[in-house]
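Below you'll find a set of structures to go through.
Next come two complexes built around chain A: one with chain B, the other with chain C.
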Partner chain A sequence: MEQVAFFAGAIGALGGALAVVALRNPFYSVLALIVHLISLAGLFLILYAEFIAAAQIVVYGGAVMVLYLFVSAYVGGSEEPIWEAIPGQRLLAPLLAAALFIEVSIAVLGTGLKAIGERGPTLPAGFGSPGSIGELLLERFLVVFEAASMLLLIAAVGAIVLAGRRREAGPGGAGGPGQPGERSGARRDQPSPAPPGTPGSGAEEVAR
Partner chain B sequence: MSLPLAEVGFAEATWIMVVKSIVIFLVVFMIVPVLTVVERKLIGRFQNRYGPNRVGPVGLMQPVADILKLAGKQVLHPSASVPLLYAIGPALVIFSGITTIAILPFGNVKDGVGFYGIDVSIGVLYFFAFGSLAFYGLLLSGWASGSKYSFLGAMRSAAQLISYEISMGLALLGAIMMAGSLSLVSIVEAQGTIWYVIPQIVGFLIFMVAGFAETNRAPFDLPEADAELVQGFQTEYGGTRFGSFLLAEYLEMFVVSGIATAFFLGGWMGPGPGWLDPIWMIVKILALIFVFIWVRATLPRLRYDQLMSLGWKMLLPLATLNVLVTAVLVVVT
Partner chain C sequence: MAIEWYLVLSALLFAVGASGVLLRRSPLVILLCLELMLNAGNLALVAFSRSLGNQEGQVFALVVMVVAACEVVVGLGLIVAMFRRRLPLDVDEIRELRG
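Now for the complex of A and B:
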């Protein structure tokens, strides 16, 4: 059972990661990335890290990737590349990739492989459960945790400030200012959606 | 051999788990067609007409006719669509609906059998994890249909689901803190003295409002918006695939009502002997589904900007405030 789950997760994760790079259409790349992230969550489950697995799906698989998909569905499909190629890119990329591979190999060989032949450490009770993770975060790693949350808060405030500044930049600019107001103004001119009980929604009932 | 994956509160032999999954699955699937006819009859009454009354005695056989009609239709896809993704979309929506049923508790452990699919320690996070996969069902089916209406509907649903999921999670956090557990079974057990709907009334109301939005029900059915988007992401679907969207909508309604029942309405608790527990749970769920139908018949659809400002400017601060106040009270008492 564990083996089946492991290989299903591993194939999903590797295949997804390869497909992200290989596919030309950004929409499909994002879909492949979703497959990759969900397979990773499956691998976390095998490692008894069910909270991390759930957080992985809710945060990355759910919220973050929906935004990616959102954006790539809107702007995707354009034929011209959105970036400019750096000169010598084709030569440089494999070299850098090889360097990274060697670096990671050294790190893995130097530390992790010793545990592969053994049974692995015994798990303390409640390992990976939300309760034990909460205790670790709020007692042992409190300072790190608070620092990370401050960083996130600053990023969120920064995003709001940047968005607000663009709105002030003046009406008429593309995609920014006054659009929310404009949109709601335009909508106000339309007749409001039919309340239930009018012929429109009655007809929908009949259709069902 | 039971699954070694992750930690569960209580696990039985594999065959018991298989049997009880089939039982829960069948019961819920029997309820869904009944719900469709109940909804149509109720809406008929709310609108001062009869509702379906031709097929069978007082129209009770209507769902059978509907299902046969949907199943008998030709399965086709528009030429502008992406066939594979077009087929995966409805399947994903159904998948997320069915998997989330697993954590609804219909009773405690009796004679070595827990009356629930599975009692995971991550509890309600399971619901959010699989619920978030439903986004992709809607987004994919809207995008892969190759139609502007479907695409707009899918985009609306994605924005709406993201906005309301946060309030939904925060609304539950109050009850989670009071019970001191994420597991739905422990949360129901913690409500022995008082149902959380009384101390957590704000959380309950926020959860229900966000639940209307998450299930794409009126007054938040903008992704479907028949008047402007001709059913949104479902426009190009027909036959059984359309039927699966319909089925998923009712499943999601059932699940959201089930979560609300477990968190705020005392779950399976009720007077009477122990074997009545699952009945109580189902009765409470059906009562909440009645509220869903009632609201649909009462309130007009919100405008898109109203929907967004309600979610971000009202529900989210309210839910955060609720969590803060609850946290202080839990620590003080």
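Now for the complex of A and C:
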């Protein structure tokens, strides 16, 4: 039973991963990644990691993938051109990946790890449950937890700065009818594109 | 199932993700392939956590998820900024850091 579940999850995860790489439309790649993530969550469940599996589905399969879908729909499903930028790239890349796989497999299986070839110990009840993970996270790994939350906060602020700057500079730079409220925001952001000088302004003119 | 099955699957997923990073040119798909590689690492962490009977690997996997979410947020912000500036969404054409 466990083997059936493992192979079902493994085939789903591997098929999803291959589809992410092979499909040419980014929108379909995102959908394939959702399949991959859900099968991986199944594998986590076999490994007694209930909380990780739930977080995988809710955070990854839910929130992050919705973000991806919105951005890929916003950017547009532009298909990549067939031509290769580097000659032989289409041949070399899988070759290098296969070499990487063989290398990692040798490194992992040849290490003489004691755990290799075993199923692992019988686990206590509640292993990997939200309660025990939360206890570990808030007691032993409190600093890690706080650092992760700070990292998320910084990333959110960074994303707002990155994605929002151009829009504020647009109406402010476009001239008179811009709202006074946005004016101050545009003026505050003006110095950061300015130092590159002429190329930056040239790019903006091209953009318009 | 012995743990080496999970480790080999994790190595395979990592290699597929790496081939995607090498092969594809759209920054969006490259980010997706980075997700594949991070998830392969997560699978190995959770498998080791199972085989050692130790939950710390799962906490590590959770932190990897947080880092992946941050990477996604910043990367997608960059892609949106590139799109707004009418830059081509092709990593072979964007070779310079200045926009």
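We take it that the second predicted complex is superposed on the first by the 125 of 208 C-alpha atoms of A that agree within 3 Å, B and C clash if a C-alpha of one lies under 4 Å from a C-alpha of the other, contacts with A are read in each partner's own complex, and residues count from 1 in each chain.
As a working rule, contacts are C-beta pairs under 8 Å (C-beta built on N, C-alpha and C of every residue); 3 or more make two chains touch, one makes a residue touch a chain.
Since this is a predicted model, take the numbers as computed values, not measurements.
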In the superposed arrangement, does A:2 touch chain B (first), chain C (second), both or neither? both
Which partner does A:130 contact after superposing on A: first (chain B), second (chain C), both, neither? first
With both complexes overlaid on chain A, does A:14 touch chain B (first), chain C (second), both or neither? second
Looking at the overlay, does A:62 come into contact with chain B only (first), chain C only (second), both, or neither? first
Applying the document's definition of touch, where does A:48 land relative to chain B and chain C: first, second, both, or neither? both
Which partner does A:29 contact after superposing on A: first (chain B), second (chain C), both, neither? second
Quick one: classify A:138 as touching chain B (first), chain C (second), both or neither. neither
Of chain B and chain C, which one touches more of chain A's residues? C
Check whether A:150 is in contact with chain B, with chain C, with both or with neither, and answer first, second, both or neither. neither
Residues of chain A at both interfaces, chain B in one complex, chain C in the other: 2, 46, 48, 51, 55, 63, 67, 74, 127-128, 196, 200, 204
Contacting residues of chain A [partner chain B, same complex]: 1-2, 5, 27, 31, 34, 38, 41, 45-46, 48, 50-51, 53-55, 57-58, 61-63, 66-67, 69-70, 73-74, 126-131, 180, 183-184, 187, 192-197, 200-202, 204-205, 208
Considering only the defined contacts, which chain B positions touch chain A in the complex? 1, 3-7, 36, 40, 43-44, 46-47, 49, 66, 85, 120-123, 125-126, 128-130, 132-133, 135-136, 139-140, 143, 151, 154-155, 158-159, 161-162, 165, 182, 218, 225-228, 246, 296-301, 303-305
Spell out the residues on chain C that touch chain A in their complex, using ranges where they run on. 1-9, 11-20, 22-26, 28-29, 31-33, 35-36, 39, 42-43, 46-53, 55-56, 58-59, 61-63, 65-74, 76-81, 83-86, 89-90, 92, 98-99
Residues of chain A touching chain C in the complex: 2-3, 6, 10, 13-14, 17-18, 20-21, 26, 29-30, 33, 36-37, 40, 43-44, 46-49, 51-52, 55-56, 59-60, 63-64, 67-68, 71-72, 74-75, 78, 80, 85, 89-90, 92-94, 96-98, 100-101, 104-105, 108-109, 115-121, 123, 127-128, 132-133, 136-137, 140-141, 144, 148, 151-152, 154-156, 158-163, 165-167, 196, 199-200, 203-204, 206-207
